[in-house]
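Below is one structure, written out as structure tokens; the observations come after it.
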Amino acid sequence: MKKIEAIIKPFKIDEVKDALSQIGIEGMTITEVKGFGRQKGHKEVYRGAEYVVDFVPKIKIEVVIDDVMVERVVETIIKSAQTGKIGDGKIFVYSIDEVTRIRTGEKGKDAV
Amino acid sequence: MKKIEAIIKPFKIDEVKDALSQIGIEGMTITEVKGFGRQKGHKEVYRGAEYVVDFVPKIKIEVVIDDVMVERVVETIIKSAQTGKIGDGKIFVYSIDEVTRIRTGEKGKDAV
Amino acid sequence: MKKIEAIIKPFKIDEVKDALSQIGIEGMTITEVKGFGRQKGHKEVYRGAEYVVDFVPKIKIEVVIDDVMVERVVETIIKSAQTGKIGDGKIFVYSIDEVTRIRTGEKGKDAV
Amino acid sequence: MVNTADTLFIMLSTALVMLMTPGLALFYGGMVRSKNVLGTIMQSFVILAVISVEWVLWGYSMAFGPDLAGVTGTLEWFGLNGVGLSPFAGYSETLPHLTFMIFQGMFAVITPALITGAFAERMKFGTFLLFTILWATLVYNPICHWVWGVGGWIRNLGALDFAGGTVVHISSGASALAAALLIGKRKGYGTEPIHPHNLPMTILGAALLWFGWFGFNAGSALSCGPLAVNAFVATHVAAAAAALTWTIVEWIYRGKPTTLGTASGAVAGLVGITPACGFVGLTAALIIGIVAGVLCYFAIVMKTKLGYDDSLDVVGIHGVGGAWGALATGLFADKAINAAGANGLFFGNPGQLGIQALSVIVTIGYAFIMSLILLKALDWIMGLRVSPEDEVSGLDLTQHNETAYNL
Amino acid sequence: MVNTADTLFIMLSTALVMLMTPGLALFYGGMVRSKNVLGTIMQSFVILAVISVEWVLWGYSMAFGPDLAGVTGTLEWFGLNGVGLSPFAGYSETLPHLTFMIFQGMFAVITPALITGAFAERMKFGTFLLFTILWATLVYNPICHWVWGVGGWIRNLGALDFAGGTVVHISSGASALAAALLIGKRKGYGTEPIHPHNLPMTILGAALLWFGWFGFNAGSALSCGPLAVNAFVATHVAAAAAALTWTIVEWIYRGKPTTLGTASGAVAGLVGITPACGFVGLTAALIIGIVAGVLCYFAIVMKTKLGYDDSLDVVGIHGVGGAWGALATGLFADKAINAAGANGLFFGNPGQLGIQALSVIVTIGYAFIMSLILLKALDWIMGLRVSPEDEVSGLDLTQHNETAYNL
Amino acid sequence: MVNTADTLFIMLSTALVMLMTPGLALFYGGMVRSKNVLGTIMQSFVILAVISVEWVLWGYSMAFGPDLAGVTGTLEWFGLNGVGLSPFAGYSETLPHLTFMIFQGMFAVITPALITGAFAERMKFGTFLLFTILWATLVYNPICHWVWGVGGWIRNLGALDFAGGTVVHISSGASALAAALLIGKRKGYGTEPIHPHNLPMTILGAALLWFGWFGFNAGSALSCGPLAVNAFVATHVAAAAAALTWTIVEWIYRGKPTTLGTASGAVAGLVGITPACGFVGLTAALIIGIVAGVLCYFAIVMKTKLGYDDSLDVVGIHGVGGAWGALATGLFADKAINAAGANGLFFGNPGQLGIQALSVIVTIGYAFIMSLILLKALDWIMGLRVSPEDEVSGLDLTQHNETAYNL
């Protein structure tokens, strides 16, 4: 089993979710995160003082899938999350030792 | 070393934490996340317009432990987080290369 | 490729970010999390009732880097995040199978 | 004859009292968990709508209309029939009758809203709404008539309640106790942490309550004269004193003063001075405030020990504070302050304390028993409590299809 | 001669109406996404600053100054020249002229602020500001003069608008429609979820609006007499009735009552009663409220079907509610309530309904067309809408370099 | 003889001014980090409790009681001894003495609350509380006596301070400077980002301040006559003008207008017009507002350069704005507006400017030095500042065992 972890722009989340659903992904978990990278942050001004905020809001999507799906999922995410502008994000692929569904105790493929 | 990552229902967090403490787990990290899966989302209505919200609040628990503990921890989580209803969540097990305690620089088993 | 995941005290985040930038790390992702460990939580009192809150606010930093950088990054984090007091946090190192930059589709080293 | 300044005074007081109900919504809303904040706010807000309509239809007539045997007003004034712009001398010779009516309407609104704190985070919306209408009709309107209506039997006994210690606070406090006992504890009460989700919201609510209370108490003089001035100053002094004592007591007892405590103390003081503010002097007001702060604090500490889940402490603050205020009126009332009142125990008239005690007991008894009956019946017919799943998901989603925050 | 109580009444009413604009800022601010909350609040807040200045410079003179052919006031009173502490009998014999001026100033402030709900979450700040100043000058001031100014042609026709049904609500509602059509839908409207980010903030805003509306409506009597009392009570009754009916209709239609619905209903009722409150009795007020709740609810449901993005429902609530109120005045107006008014259809004077209808149509037409022209011109000169990237990032960051929350 | 309308006016003004302190709590609370919001709100809220009690016990007597050599009132009126319902002609012939007392009490409350902005996010609660009581006793009460008390030496010089430019704003601004210098910068100031955590809360606070300020300024006429009207309108005009100029200046200087800036500008304008509003005409009010907006903006920009950490800009807004207002009164005061006042420089009386300058300098000097002494002593006895760990954890948890939000 593999875990795909993608950091994407927040406003892309619905598109990515729909695209993943369409290729048969039935589950995923998302987290609000903040990213630091090539994409510039923004300036904020309070009472005449200027601050540069480097961290940019991002969303992290985690999907655990069978090994055979990896390529397809990565490509789907790329296609649906891409804007072509700096800050589109990254996709990381990890190996997973074991997956269990809490409700049933099922393991492996059947658990996701 | 292994990392156990469990996605559970938010109101189960205290139970799971207590159960893990009881089997000797002394540390963990939790994150508020949102899940998408078999469990249906909910409907929201604003000014006469209906929206379906697919993402359901979940909590992610991360516990890093020694390999020998894996089975016990997984079972403890299953036992304490289970309601038997759809949406109880998943447990993922990962391998970890190295663990360090920032305060002391200790590595491995001693670090958790 | 490796992922370094560090759980640190929130007020250390700027220091750690700057230290990592200085050794050439150009990207990272952070998440607000809550930790449970040796560090004691705090007491809260509402309308005469006392509650003990075990979970302490922490920040999780994730940095994906080339294998050769691992040691240096770990050390930099230790140096910049350490206060010497309980609760300084942990650093976990994982292996990553693949990294992709969404914007360009680049893989591996070039993607981070 | 209508007096312009008095009319103005009561119109503005009415606006101030109106604002108290949303103030209460925020005061309560901040104390619940974030999944229930809209449900909690909604309970107060919808009461503002529904009881205002009930009041102009039959409530005012039952409470203040022509007396029937001392126990209720008749429905002669149904739909404000005959309630017009000229004064009704039985209540005020200088106010348009409608002005008196609308001012009193705001009291009728906030009283059931106070009760909602007892069953916060777990009551079905439909049942709650029906309960509120029945409670207003069968509990508030009669009690209001007894104490304030021309011909009301408690009024005729000579009981003193300047701005609603019995009518508003004791009646809601006693009903809150019935509700808390009957509906049972919130899931997780005592085992899981159930923290306020937004204390700044609660503080804002307390501030709006304090602000509006000037209209509530001073306005109850119905005329912009010395009595109103006395009530105004007494109100502020008691609120400040109670806020301060609650702060200090908690500091001593728990090691640190809390913001919620200071705000709660202020409300306790405002409750305590409510029945007394037009009958007692300022030294008495200070004492009433000080005692209210201490008493209500320990009433709340006690609750935790007794184990019922009066979620937002309606009993401890409004019940206990209101009872203290009503009795204190029997202690400190002074005809030098209000010639139309009576002297209390400390001014040589121990009988007044007896009358006050009687009015307290009767109000507690009636409100408690009637609420118990009403709630029991409603529970049987349609259920009081949301399902355990809905309680876990929260009222906002399950009762109203809404989420409070998307920050 | 100046009357002290009246002066006091209108000063305090002015303060209440002033508070409505920040109230509106919160009402609107809670309904947008969190990245746009400051931008939304700012639009109302800056209007409080800029239109107050515009009003004392030229606005008051254009609206209420010496008439020019029935269509506008001249600039004779520019900079409040000649507007002093003695009354101007054309508007009130008992108020200092300055008191009348500042009271009216608050109406001039809130009206353009209402429009901002239509183009929320996507308008350039600079363009918005210029639009507001032009709109106040070319739309509000003339319409205000027509309806309320001595010599105004709609006033001379005998149209009744007690507190601003046409001047405030219809004018802003019609302009909002123009703005929504011209600026286009928000990115993601209809495809992505666009949820309110903070409904308790919206409820607080609704509460402040309700509170301030007592000053808005009762204050419009300009004197603290029976008319003010009638307006006050009618206002409350209509607000409550509309809040209740919206709640019930939504409950039936959607299966659950929403908090936002109850609050929206209250606002709809307040809008509906605005033109009528000083001309109609309380039964009429109840009916006006009930109809306003139902009508505005379905107007909003309709919007979703028609497909334009009037983001915060200015058209559905202020446009439709205001038009209903203006027409209802033509139905229910009763000289027994206000001898200086007129009878409506149900009191034997069908002509009044015609006059009301005419004033509604003219106001809609003028405000709609002028707004269209102004916005079109500004779009051409400087652009109405922020760039798509800025819309995604939100107004707070891109227009104001700020973030609302760091919780 | 007591005048009913005046009594009503001042009672309601008192309620409005009371609301300003919670308004300030929110204004300040929104600007701090979320871990300190309750601590910040609490400082204002507890002042409302403690200073109200201090005021009725000894504060009023020291400030307004029988004069002792021009420097303080005696304790003859301790516990409001002799302060009753009949007027005290020295202050007002038409108000019950108690009404005047309670109105002034609200000024005594808000003044120390203003100072809390200077040491926000780092002061020990216990020390703060003691400081406040001492400051009220040794700084506020005497200054208030000098300027407003019968027999007060600055009053006898003929200095003009209509609603508290020196007594309230300069005294708190100067003390704030002392506090900021003595307590030192917040940990991380200048190196870490220290952002406001909830700007909508700050805007709400600003709105409540603006609303309450009508009572503060117009109420200071103590009678509902032309002077009150003038003060009312001048207040609104100056607030609007200053909000607008701050917005514009920031827009030019920083590229974008900020919401916090517009709100801060409004407060600056309100501060600036405070001493002047009952002595100057409306053109002067407009100018005072415009200058206040610009001046306070640059005072704040300057702070960042000077490097002390006056966290919420008490010096820049209240100190600088108050001083400007006091001096501007010496420029624009006009006996045609207030016969009981004096003419200023522009009306042919340059001496008045000198008197104003003197009162400004004396107030700054006295408040600054006394605050320095008090704080130094308290630092030595019990410590001013929380430990660095506590500062990192925040005041809410460490001083009050609370968390503001669980969203």
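Going in written order, the chains are labelled A, B, C, D, E and F, and every chain counts its residues from 1.
Throughout what follows, contacts are C-beta pairs under 8 Å (C-beta built on N, C-alpha and C of every residue); 3 or more make two chains touch, one makes a residue touch a chain.
Being a predicted model, the structure only gives us computed values, none of them experimental.
Asker: If we look at chain C and chain D, which chains touch each of them?
Answerer: Touches both chain C and chain D: B, F.
Asker: What are the mutual neighbours of chain B and chain E in this structure?
Answerer: A, D
Asker: Out of C-F, A-E or B-E, find the interface that copies C-D, where copy means more than half of the contact pairs are identical.
Answerer: Copy of the C-D interface among the listed pairs: B-E.
Asker: Comparing A-F against A-E, which pair counts more contacting C-beta pairs?
Answerer: By the number of C-beta pairs in contact, the winner is A-F.
Asker: Is the contact between chain A and chain B built from the same residue numbers on each copy (over half shared) or from different ones (under half shared)?
Answerer: Here the answer is different, because the shared fraction of interface numbers falls below one half.
Asker: Centroid of chain E to centroid of chain F, CA atoms only: how many Å?
Answerer: Inter-chain centre distance comes to 34 Å.
Asker: Could you put a whole-Å number on the gap between the CA centroids of chain B and chain D?
Answerer: About 45 Å, centre to centre.
Asker: Please set out, as single numbers or ranges, the residues of chain A touching at least two other chains.
Answerer: 31, 44-46, 53, 94-95
Asker: Would you please write down the residue numbers of chain D that are in contact with two or more other chains?
Answerer: 5, 8, 12, 193, 195-196, 198, 204, 254, 256, 258, 260, 401-403, 405, 407
Asker: What are the touching chain pairs in this one?
Answerer: Listed by label, chains in contact pair as A-B, A-C, A-E, A-F, B-C, B-D, B-E, C-D, C-F, D-E, D-F, E-F.
Asker: Residue numbers of chain A touching chain C in their complex, please.
Answerer: Spelled out, the residues of chain A in touch with chain C are 2, 6-8, 31-38, 54-55, 58, 60, 74, 77-78, 81-95.
Asker: Write out the stretch or stretches of chain A touching chain E in their complex.
Answerer: Spelled out, the residues of chain A in touch with chain E are 11, 14, 42-46, 53.
Asker: Give every residue of chain E touching chain B within the complex, in rising order.
Answerer: Touching chain B: residues 31, 193, 195-196, 250, 254, 256, 258, 260-261, 264, 297, 300-301, 304, 313 of chain E.
Asker: Which residues of chain E touch chain F in their complex?
Answerer: Against chain F, the touching part of chain E is residues 2, 4-5, 7-8, 11-12, 14-15, 18-19, 22-23, 25-26, 29, 37-39, 41-42, 45-46, 48-50, 52-53, 56, 79-80, 85, 96, 98-99, 101-102, 105, 125, 198, 201, 204, 396, 399-407.
Asker: Would you pull the chain A residues touching chain B in the complex into a rising list?
Answerer: For this pair, the touching residues of chain A are 3, 17, 26-31, 64, 94-103, 105, 111-112.
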